[in-house]
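Below is one structure; the comments refer to it alone.
Chain IDs A, B, C and D follow the sequence of writing; residue 1 opens each chain.
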Amino acid sequence: MSTSSAPATGGSMTSPQPAATERRGRAAGTWDRISRNPTLGLLALLLVMWALAWILVPKFGSVDNIRTVLRQASDLGVAAIGILFVLLIGGIDLSVGALYGLSSVVLVTVMIQTGSLPLAIAAALGAGVLFGLLNGVLVQWVRIPAFITTLGGFYIAYALAQMISAGSMLSMPADDLFVGLQTGLLLGIPYLVILAAIVAAIAWVVLNHTTFGRSVVAVGYNRVTAGLSGVRVPRIVITCFAICSGMAALAAVMLTSRVQIGVPTLGGFNATFETITAAVVGGTSLFGGRGTVVGVIIGAIIIRTINNCIVLLNIPSQLYQAVMGLIIVVALVVDAARSRYLGERT
Amino acid sequence: MSGPVLLDAQHIQKYAYDDEGRPIRGTDVLLLADASLELIAGEVHALVGENGAGKTTLIKVIAGALPYEGGSLHVAGSLRGETTISRVRSEGIAVIWQEFSLAPHLSVVENMFLGRELRRGRRLDKGEMRRQAAEAIATLGVSIDLDSTVERLSTSQQQLVEIARALNERSRILILDEPTASLSRFETERLFELLRRLRSEGLGVIFVTHRLDEVFTISDRVSILKDGRSTGTLVTRATTKDEIVERMVGRHLDAVYQRHRTTPGEVVLETRNVVPAGGGAPASITVHRGEIVGLAGLVGAGRTELARAIVGADPVESGAVLLDGMDVTGWAMRRRLDAGMAFVPENRKDQGVILPLPILRNLAITEWPRLGPGPLVVPRRERGMATALVEELSIVARTVDQPAFTLSGGNQQRVAIGKWLARDRVVYVLDEPTRGVDVSARYALYELMEAIAARGGAVLMISSDLPEIISMSDRIYVMRLGTISAEVARVDATEQSILTLMLPDTTAADVSAAVGA
Amino acid sequence: MRRLGVSSAVIAAAALVVAMVPAAAVAQDEAPVIGLSVKTITNDPFQAAWVEAATAKVEELGGTVQLLVAGGQTAVAQQSSQLEDLVTQQVDGIIVSPMDGSAVLPALQKAADAGIPVFLVDQPIAAGNEALYETLIATDNVKAGRDLATYLVTTMNDPELKVAIIEGAPGSVAGDDRLAGFNEGLASGNITPVASATGEWDNAKALAAMETILQANPDLQAVLSASDVMVDGILQALAGAGKTDVKVLAIDGSTVGIQGVLDGKIMADNTQDPMAMGSTAAEFAMGMAGGTVEPGSLEKYIDSGTVTVTLENAEEAMAKAF
Amino acid sequence: MTRLPTDRPLVRATAAAVAIVVAVLLVGQFVPYFATTTNLSKVLLEAAILSVAAFGMTLVLLTGGIDLSVGGVMSLVGVVEVSLVSSGVPWPAAVVVGLGIGLLLGTVNAVIVSRLKLPPFIATFGTLGIAAGLALYIANVIGHPVFPPDFVSLGNDAVLGIPITVMLAVAILIVLEVVTRVTTWGVHLRATGDNFAVARLSGVPVARVLGSAYVISGLLAATAGTMLAARLGTANPLQGEPYTLLAVAACVIGGVDLFGGRGHLWAAGAGAVFLFAIRNIMNLQGVQPFMQDLVIGLLIIAAVLVTVQGPALRDMASDALQRSRHRNAA
């Protein structure tokens, strides 16, 4: 409308422009764009890892083994997608690991009580979502830093799991459907992997093609502006925590289907950190705004690939942690070097 | 005026740079193509140019915050190559950046000596630092609690702390980057007083500004930058606004904007005795359809607080806000926005736009809920909408996908306003919409406001720029010390009258005189 | 603000705790109080079993139990801390299953100084500290592992036997001992395991490890599990890979293990009868508290014996299973 | 809220001290054996070990970072020291080596965070894994040897009723408090955490300051690890692990701001004492372990509520009040 009412302005603006534009512009070749796309970079990293493993690690290269790696990555991937939502809004959730145990025992307990699998799963997911809402409310409305809220939340969820299960493992009533979930294959792909893929697809759509998803990123980068632009920040934040815990619960259900028993200590702090690591290795920023579903999935697969190789190579179990730690540091350094090389602003 | 040359920058070249300030590999983009600036002891040297002209970059180079790739930079006669900020500070150069360089949770004293603390042996000499700080603050003729954490100080107080720090460091060169942008007229006057004194004491002052009248008030010489090139250094006495503007934009603009009037409709926005959160006196104002209403006053007079209370960004302590006759006081901000309010906050970078997000998203953020079936956002529609807006507002960008931080201030501001233009809103509340915006962008914004009024929208504009507020507004509310001190019809509005109403020490007599009642 | 904050936090929280604690468990009544200290009863039927048996016995003999659980692998310091807390309460006897045979020494020394008799269950303490406890009722974990492995080697009688080991959590004494035992037993048949990975006392971890091992060794014939708590995961992995013919052997003698033997899912399960350990220890402790048992009169080491349970003796084992 | 530069440490310290005394007496009424000297000195002894680790954590938190490697370092140092001692090295020498290792790992963290500019949360998590893993590996090689009695007694004995470890911790606290108050480094530490860019622009050697926090944290973690080893008389490769989160918890309870710039070493120490007092009370009351977790969890949240969020809460309350009032009005 301004142009119509004032052609003068339109004209006036253009004069300093060419210079301005060219000044801010930057020659972006195809290779440049590819190497600049962190997700593609990750994919490359994963493929290189697999190629190396294929050559160096005996028995790694079988279809069946890859299938195993993917199956093992499925629950981690789902949990990592969940935490992605929280990391995107610049939060963090340390309680994830404890929710594994909580949801696991809730699932089996309800199963034992009612004998209905759908009900049991619903209850497990419900417990997770509920817990997430609690985290979200404490963070958003009571304004307790997410780190604290969820650190406390971890202990609380952990304790609840113990109370529900009276501290012992609960054997899962046999249920073909539930057993099928872990054994079943579709076109050679495990159900769990397919499930994870579906979750990922939904998450991708939500993050990239919905008001909610766009709002999440906006809040992550600058919640003040987002709020002043009409984004319901509190709602977004709380929802993200709910999604995170809900996903953790789903991951717990998947893992429980694999062991077919309810374990109150399923997951634990290591699971929390494994999940965060998957997200970060997947290129997610801990400061909010930056992170992709695909990246996170790749991160999860990378981690499980490492686990897989450690066992295949018969590395002394005492060294697992050391190797893991080393890989994390290396991955970070490599990524840092990469972005330094590309002169990205961090 | 022929003191020794304190600083001489010749034909400085600076490429687009990365985090370390090094040129981005393989870039051929020059932020500074050929920038020169000479500063003599005992002068105030104005540096002007449109946003993106390279003023700040040049200052960063001079301040040692950035290395330079071409040209020469002599400080006190000696050529400067690689350097560090602390070394530059010891060269006697102090810069007061636009966004202040103070640590919010450190005390005034700690901030004043941050990075160059006084020591007695290995220990901090707290007593001495305190004494010097007090002294420096005193010489500014103000009183600031030395132990208060900086976060508790007002904008102008924080600026004064920085200047005090510069004085205390016995700086010979004082560089101020748009120091008046966030100051009220009153505070600006005080600042100029100070600068004049420093000049008389033989300091060299580089004064970056967008306000040409300030150039004439304070500066001895003025250097103009355009697209990273110097387009001349003029002796202020011997030049005119038009000449400067011409060298800035390469074309002529009328000094004052003439807007075509429209006849206001019925009342659409009303506040009844609103006391914003944090207190103040009850404020009652009305804004009509098709009307541009100005809200004048010193910084801290309560204008922003009132604006935020109107749009619901903050709760109100008492009183009521009415939109189209509806009481929206209890409504959450989102609900008010949906009901047709729009808000452009004063702090563009922190509140107006989301810098890392593409222009596309920044413009569409208000419309997402309406850009697709249900919760979805149809990319095509979002892109179409944004592209149209970029066209309309003639925002200068290669694509709508480039992040907002790649835009100049003026263009960022257009984005901040543009996100409210996809749909016609009823009431636009604009807080300092033209602050830190270059001349031509400023005019474009004026036209925007007019267009809004023309189609029956109502505009409430907060501005510290008196000529602007007078030329743009149909009516002007003046705020003083948290209260509406007067309502002035445009016909009665003169810079003098408005200013009188703004100043804290105005008497009732002055008011009636000013309003001409 | 913060200044007051800290103080009020301290007081508030202190009050909170005081409010929530159950009526003092250790009232100074006549009934002798026996302190129990154990790593964890969560997810660890073995520990749970001896604690349960001991508690039952103590109460049967008219005493009360003060149970303190350290809470997991890494809570080494917490256990010695809790032992000291038992000493502080001047309990009449302490039954402890040390997580780390050396780390508890200072705490046990304090108990000895306070004249509180200590009874070790399942785990020994560092040699040369016999003065610090009345008796150790346990099974030799190394022996348990060796027996099981030897049984496997002899029954299969195949020099090319392909065996994998699922270890306990690295750093746990019981786990390391059983692993050592496994390797000794296998060595007796000149067999080296084709793979050895940790299951961290955790079904999920054991499952993952087993899955991967099967990838590397599709021709695997047998698995030695350091504990019944990982058997479910292992069986799941085998089932998933359709390798139901692989022999599974484990240590503990829990219902999981024995039932597995009865169902033919598990070839052999080495049981250590923790319930016997618990109740015997409790009996001695109560006896000494009541003066019927002379301090220092007990054997320093009482082997509660291990049985390798197979289909033949599974039935009666089930009775004692926990 | 707090004014760091000009706070009156004595006032604060006394306030906290008074509060603790009150708490002790109060609890002593309900919990038998709690208020006994032996018990209290034991609580202090345990708190001393944690507080030393927490001091390091505080310095790192002040810079706006976090050091998750603390627990791993504590384990590793203990294991290395005990293995050296068992191979005939005199314990003082072993301790020196142990501290050296802490210094080394601290430096690794420092480089990764301050030079490579990687997020501390995940970077130090990496070094945590490395340290903890090495501890397990070495321990597996050397078995479970013990320390000589004189070393162990240092970790457990008391002089004039005050455990030696407590004295050490207090000494360390005093040194750190003084240093952070009278040197530029203290100011720079807070400035860096408060506003990194500004600190840099003001000529604060941010990289060095940032790094120094992690190096010292490593050294202090090693010290704490040694103290723990001395208390337990041996080194289990897992014994340090819980201390990472305990240290964070102690700082949080002490009101240290996780976002940097604000916090007090002594308060972190108080947090440590408080944490172990609660644990001890629950042990004396035979509270179930998972109930203990629950309480710790609630405490962490409660502590933040009171220490950090107090004002925020009041704002919220008034906000809510406003809104409701208008809803009623409308």
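Throughout what follows, a contact is a pair of C-beta atoms (placed from the backbone, for glycine too) under 8 Å apart; a residue touches a chain by one contact, two chains touch by 3 or more.
Remember, predicted model here, so these are calculated numbers, not experimental data.
Of the two chain pairs considered here, A-B and C-D, the higher C-beta contact count falls to C-D.
Distance between chain centres (mean CA atoms), chain A to chain B: 41 Å.
Chain D has its Cα centroid 32 Å from the Cα centroid of chain C. Distance between chain B and chain C, defined via averaged C-alpha coordinates, is recorded as 70 Å. Annotation: 30 Å between the Cα-based centres of chain A and chain D.
Shared contact sites, meaning residues of chain C that touch two or more other chains, fall at 42, 170-171. Those residues of chain D in touch with two or more other chains are numbered 136, 139-140, 237, 262, 288-290, 293, 298-299, 308. Which chains touch which is summed up as A-B, A-C, A-D, B-D, C-D.
Those residues of chain B whose C-beta lies close enough to touch chain D in the complex are 65, 84-86, 89, 97, 101-107, 109-110, 114-117, 119, 122-124, 147-149, 277, 315-317, 320, 327, 329-330.
On chain D, the positions that touch chain C within their shared complex are 1-2, 7, 11-12, 15-16, 18-20, 22-23, 26-27, 30-33, 36, 38-39, 42, 46, 136, 139-140, 144-146, 152, 155-156, 228, 231-234, 236-239, 241-242, 253-255, 262, 264, 267, 270, 274, 277-290, 292-293, 295, 298-299, 302-303, 306-308, 310-311.
On chain C, the positions that touch chain D within their shared complex are 1-18, 20-22, 24-28, 40, 42, 66-71, 73-78, 80-82, 84-85, 88-90, 99-103, 105-106, 126, 170-171, 173, 176.
Residue ranges of chain D in contact with chain A, taken from their complex: 112, 116-119, 121-123, 125-134, 136-137, 139-140, 237, 245, 248-249, 252, 258-259, 288-291, 293-294, 296-301, 304-305, 308-309, 312-313, 316. For chain A in complex with chain B, the touching residues are 1-3, 5-6, 9-10, 12-17, 19-27, 209-212, 214-215, 217-218, 221-222, 224-232, 289, 341, 343, 345-346.
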